[in-house]
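One chain, subunit A, appears in both complexes that follow, with subunit B as partner in the first and subunit C in the second.
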Partner chain A sequence: MGTVALRMLFGDPGKYLGLVFGIAFATLLMAQQAGLFIGIIGRTVSQIVDVREADMWVMDPRVKYSDVNEPMTDTQLYRVRSVEGVAWALPFLRNMGTVRSPDGILEQILLIGVDDATLAGVPPKFVLGDLDALRAPDAIAIDKSGFMRLWPDAPLDLGREVEINDRRVRVAAIVDASAPFATSPVIFARYSLALNLAAQRRSQLSYVIARAAAGHDAAEVAARIAAETGLQATTSAGFARMTVLYFLRNTGIPINFGITIALGFIVGAAIVGQTFFLFVVENLKQFGALKAIGVGNLAILRMVLLQAGVAAVTGYSLGIGMAAAFFHFVPRANDALRGLVLPWEVAAGVAAAVLAIIAVASFASVRRVLVVDPAIVFRG
Partner chain B sequence: MTLAVRCRNVVKSFDSEAGPLRVLHGVDIDVPWGEMTMLVGPSGCGKTTLLSIVSGILSFDSGAVEVDGHDVARMSDSARVAFRRANLGFIFQQYNLLPALTAAENAAVPLVAAGIDLETAAKKAMPLLERLGMGEHARKLPRQLSGGQQQRVAIARALVHEPKLVVCDEPTAALDATGGRNAMELLRAASVRADRATIVVTHDHRIFDFADRIVRMEDGRIAAVEDKAPEIVP
Partner chain C sequence: MKRPSFVRHILPVAAGGALIFAVWSIAAADRARPLTDPVLPPPSNPFPAAIAGSGLVEPSSEIVAVATELGGVVVRIHAKEGEDLPQGAPLFEIDGRVYRANLMQAEARAANAAAAVQRIDRQIAQQRALAAQAGTSVAGAAAERERAEADRARFQELSRNEFASRQRLDSAVADSRRADASLQGARAGAEAARRQVDVLEAQRVEFDAVRLEAAAQLARAQVDVERTVVRAPIAGRVLQINVRLGEFAQAGAPATALALMGNVAPLHVRVDIDEVDAQRLRPGAPAIARLRGDSRIASALSFVRVEPYVVPKRSLTGGTSERVDTRVLQAIYAVADPAFPAFVGQQVDVFVEAAPRR
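Our next item is the complex of A and B:
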């Protein structure tokens, strides 16, 4: 009877397309919004993720997320170094600043200062130049999309000069950094240079980045650092989690995306539920005839679920395909959206949501079919 | 040999706003094999109700109904469904064809219900459709067919699985006089045979001549049974 069920479904193209587009619409909306949400929340931890060398972050106990920092002293850095299980601990400066290009373009930037000797904390992927180029006086590295912001029409090249907080520096390397939350250019410099550039307070040690020695567990070492120094210390993953939670709790981002996602679900469920209900109700007489002829309730149930399932799979494939196309093409065309992807978890989650929609949609309809009295077939 | 259908003292009421409405007041009826039995009577006398009970799609309050010696009321629901699938053929006034299936596929539905795939079943239905003069229309959808042609597809669907009992409710009501006679001629020729009983509920006195027996109902009871040689035997 499966073939018959499918023929019934495809035999009513208006409703079939209504179902497919309803589901596709809901899928697209939910997947696109959820993907953006996860991508944007993910950006709040870009500067944590980009520091590949470290597995621990140490900071003032008042810091709640990676966008704020409370200066620490060099003494505190030394105390971290002396904790058992710490392989190394290095200063990490994070500051906002203003950059001015000779053409007069003014931009807010994120200034990162890394240890002069090791340069640990610079993203590993260089588009132009290399790590050692940062050792030259007044040399900085800029992230690729920041370069394109400052020199929109120029090819990527090295040697250009800019002023940061009114001090002249030279672009010595271009790196591929993860997109920051506020899509400003990211500039990397030696710690000593960055201190000069920031030039506001004497000490600008924002964080200490550190690594656990071989054979030591980062979480345990972090706990020891916290106990011995009175500072806040956490693993990189823990710091990322802290930051994400802060944004989830303290910004309108989850609510805004949540509303759109819920809307996609509700509107999708309403459209699909109504269309499917109409489809089934209009076919009640046919189902009644089939029941009279000797098709049992179980077989009828399977027919209805097959119809719903095929509409769901078709609609979901269409919708997730469109969402995938969005995440494939749009971030490439629009630099502000770079790095955004459609995580498989979102695709799976939306599939579950579509399943819920179709379950809701079939529930009422299935009841109508199951209780339909085959005797109606003899009534006019 | 058992009777095709044997009803004893069948009582049926429907719930209505004014309390239970008794529609059948103890119906006794015997339907023998090998004949076309017509069930006639004024509107509202309970013909359709009785036919629904006999075909096992409507429950009744008391009495006994046997079809081919089987007590329909004592079957489980699923056994009754299986019994209908194997032993009954249905023809409805409104044809009730599936609009998305071709004529051949519609005719094949009882075979599909029994587990044969649609394509094979449709092929199996072809000889019968040809006998009913529908060979060239086998690939058409119901909406591309006239009422008479649709009823022929319905006749094929009622007979394709060689059921023992064929039940028809007003099979000619939606057809004009000639169409109705044509349909009855085909139905009689294809349906009536020694190991099968055909019951036709009808108002249409123009087709009474096709019957072997006429059972008259009045107000929920059998009023008269008239055995007669059919005047028209194709």
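Our next item is the complex of A and C:
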């Protein structure tokens, strides 16, 4: 019976291809948009996840997300260190700045200051130079796309000089930092240098990054830090969640992407449903003939489901392949989209959506088959 | 062999290939972000419960900013930075020519004044001799007067009996009167000579005072000469010398000290403890200092004292301007490990054991 079903399906290449490409493009649209959405919203926490050493963040209680911080007094670092279960705590400065150069560069940057000794908080992947280069006087590390933004036509190299806050600094390393939400170049410097590069404020300590001691749960230690110091303390994941939720609540990003994804689902469902329905209706004679020779309803249902399933699997495979190709090749070629990937959760979610589409379409169509009169074969 | 059909053969193969690519691409995407360790271990707390603070290494004598009382051009530098000196060892010298000239002048004045006193002593002795001489003149005049008086009495007697001429009597009377006058004159002379001794003695007191003044000035000039050599006020290490040959060393307390000294055995650590943690500090609790830059290098600390005055924290984190953001309690600890490779002025991370909260 399966062979018959497939013969029916492939016997009408126009509708079959319509089905397959309808599903493929619905899949592509949903997967691509969902992947972009997750990638873009994930960029809001780039500077959190790039700090690979720490599992806790401590900040002023008023801070709602990572982009806007309220500096704390220097002694808060030591108060965090005093809390039981904290293996270590280090300062972390995050500030906006302006980079200038005599040959015409003027760009806003994201300035990150990390502990002088340990340099904890600099992303581990270096394109040029190494971590120790940051220990030199006036040395900074810049992210790769930031470098390309400042010097669009130049090859990646070290030793270029720019001014930040009237201080000369030298590019000593190029790092592979995660893309920030805003497109500013990200500049890393030692804390003491970053203090001089940042605008003078009464207090400067943006964040304290900390690690829970072995045998302590980061969430518990964070709660203890909050209780003992009166600061806000959270795990890295918790801070990322806070930041993502802030952007979800306060920007139009989720609505925009949500609409596109929903349109992908609705249009896909409409096209596929309609095409499949037409396919089934056009093949009612064949189904009638099968019924006339005594094929049961259950077998017919299985045939329809097999037809729908083959179309769905083929279409989904093509669509997800195209989406994967997009995320595989485009972010490598286009710097603005760097770091975007197709999460497996999206692929699985889209598969579930395709399954829903195909289930709706087949169940809508199969009713006609089940109630068809075998005598239809003998009519005009 | 049939021609391959698009829908039966090419499409399933393409779909299969696309799916395999998608699975591979998703699996290959590096999304794992495992927790890594910093390249150097950050300072960690070795105690179950502790107070952390930033510490500043200082000499156990605290830092002594050496000053000069006399301003002047530096002509010689004796001490080298890093040298361990005993108390009183010369550090540097300012130009002392004027002060040495002043000393010579004062010496001359003192000699002069001493000579003046000697001279007046001799004058007094001479005057005393003159007074003694005048005394003998009085005795001679008195004897002459006695003789003249006796002559007069004798010639009065003789002239009454007219054994002697009147003229002889008159002559004897005149002699007697002259002898009287001579006696009085001699007495006045003797008195004057005595008075002259008094005058000289009074003058001697005056000259003696001048001599003492000159001696005091001499002592002062000597002190000035000594002060041109600035000496180590304590036994300890020379931490910094801020004067160079030919520079003018300003007297008093200039903004930049001329030289810094301190006793570096043992070193002390001045720990800033946030005022909100101050009540948790137990004097005498064990403590540890970790070197910035490599926290594996550490030394135990022994408690010395707590400064009972809570001061505004000075921001030493490298900012260009000093910012006061909070107040801190300063506790002083001694570095127990003599091999702890810290320099004076270096910052260290300190953990002091504290009672657990609650």
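Just so it is clear, the second predicted complex is superposed on the first by the 374 of 380 C-alpha atoms of A that agree within 3 Å, B and C clash if a C-alpha of one lies under 4 Å from a C-alpha of the other, contacts with A are read in each partner's own complex, and residues count from 1 in each chain.
Here, a residue touches a chain if its C-beta (ideal position, glycine included) is under 8 Å from a C-beta of that chain, and two chains touch if they have at least 3 such contacts.
In this text, all values refer to a predicted model and were calculated from it rather than measured experimentally.
Should subunit B and subunit C be called a clash or a fit once both complexes are overlaid on subunit A?
fit
Touching A:Gln204 in the superposition: subunit B (first), subunit C (second), both, neither?
second
Let me test your reading of the model: by the given contact rule, A:Arg379 touches which partner, first (subunit B), second (subunit C), both or neither?
First partner only.
Of the partners subunit B and subunit C, which touch A:Gln108 in the superposed model: first, second, both, neither?
Touch status of A:Gln108: no partner.
Roughly what angle, nearest 10 degrees, sits at the C-alpha centre of subunit A between those of subunit B and subunit C?
Taking subunit A as the apex, subunit B and subunit C sit 170 degrees apart.
Should A:Glu53 be classified as contacting the first partner (subunit B), the second (subunit C), both, or neither?
Touch status of A:Glu53: second partner only.
I'd like to know which partner A:Asn256 touches here: subunit B for first, subunit C for second, both or neither.
In the superposed model, A:Asn256 contacts neither subunit B nor subunit C.
Look at A:Val4 in the shared chain and tell me whether it touches subunit B only, subunit C only, both, or neither; answer first, second, both or neither.
In the superposition, A:Val4 contacts subunit B only.
Name the contact category of A:Ile293: first (subunit B only), second (subunit C only), both, or neither.
first
Who contacts more of subunit A, subunit B or subunit C?
C
Please provide the least distance in Å between a C-alpha atom of subunit B and a C-alpha atom of subunit C in the combined superposition.
It comes out at 13 Å between the closest C-alpha atoms.
Could you tell me which stretches of subunit A are touched by subunit B in one complex and by subunit C in the other?
10
Residue numbers of subunit B touching subunit A in their complex, please.
48, 51-52, 55, 57-58, 78, 81-86, 88, 90, 92-94, 96, 98-101, 105, 109-110, 112-114, 117-119, 157, 169
What part of subunit A is in contact with subunit B in the complex they form?
The touching residues are 1, 3-4, 7-8, 10-12, 285-286, 288-297, 299, 373-375, 377-380.
Spell out the residues on subunit C that touch subunit A in their complex, using ranges where they run on.
5-8, 11-12, 14-19, 21-22, 25-27, 29, 31, 33-45, 48-54, 272-274, 276-277, 292-295, 313, 315, 317-321, 323, 325-326, 328, 349, 351, 354, 356-357
Enumerate the contact residues on subunit A facing subunit C in the complex.
Touch list, subunit A to subunit C: 10, 13, 16-17, 20, 49, 52-53, 55, 73-76, 78-79, 81-82, 84, 86-90, 115-120, 124, 131, 191-193, 195-196, 200, 202-204, 211, 213, 228, 313-318, 320-325, 327-328, 341-344, 347.
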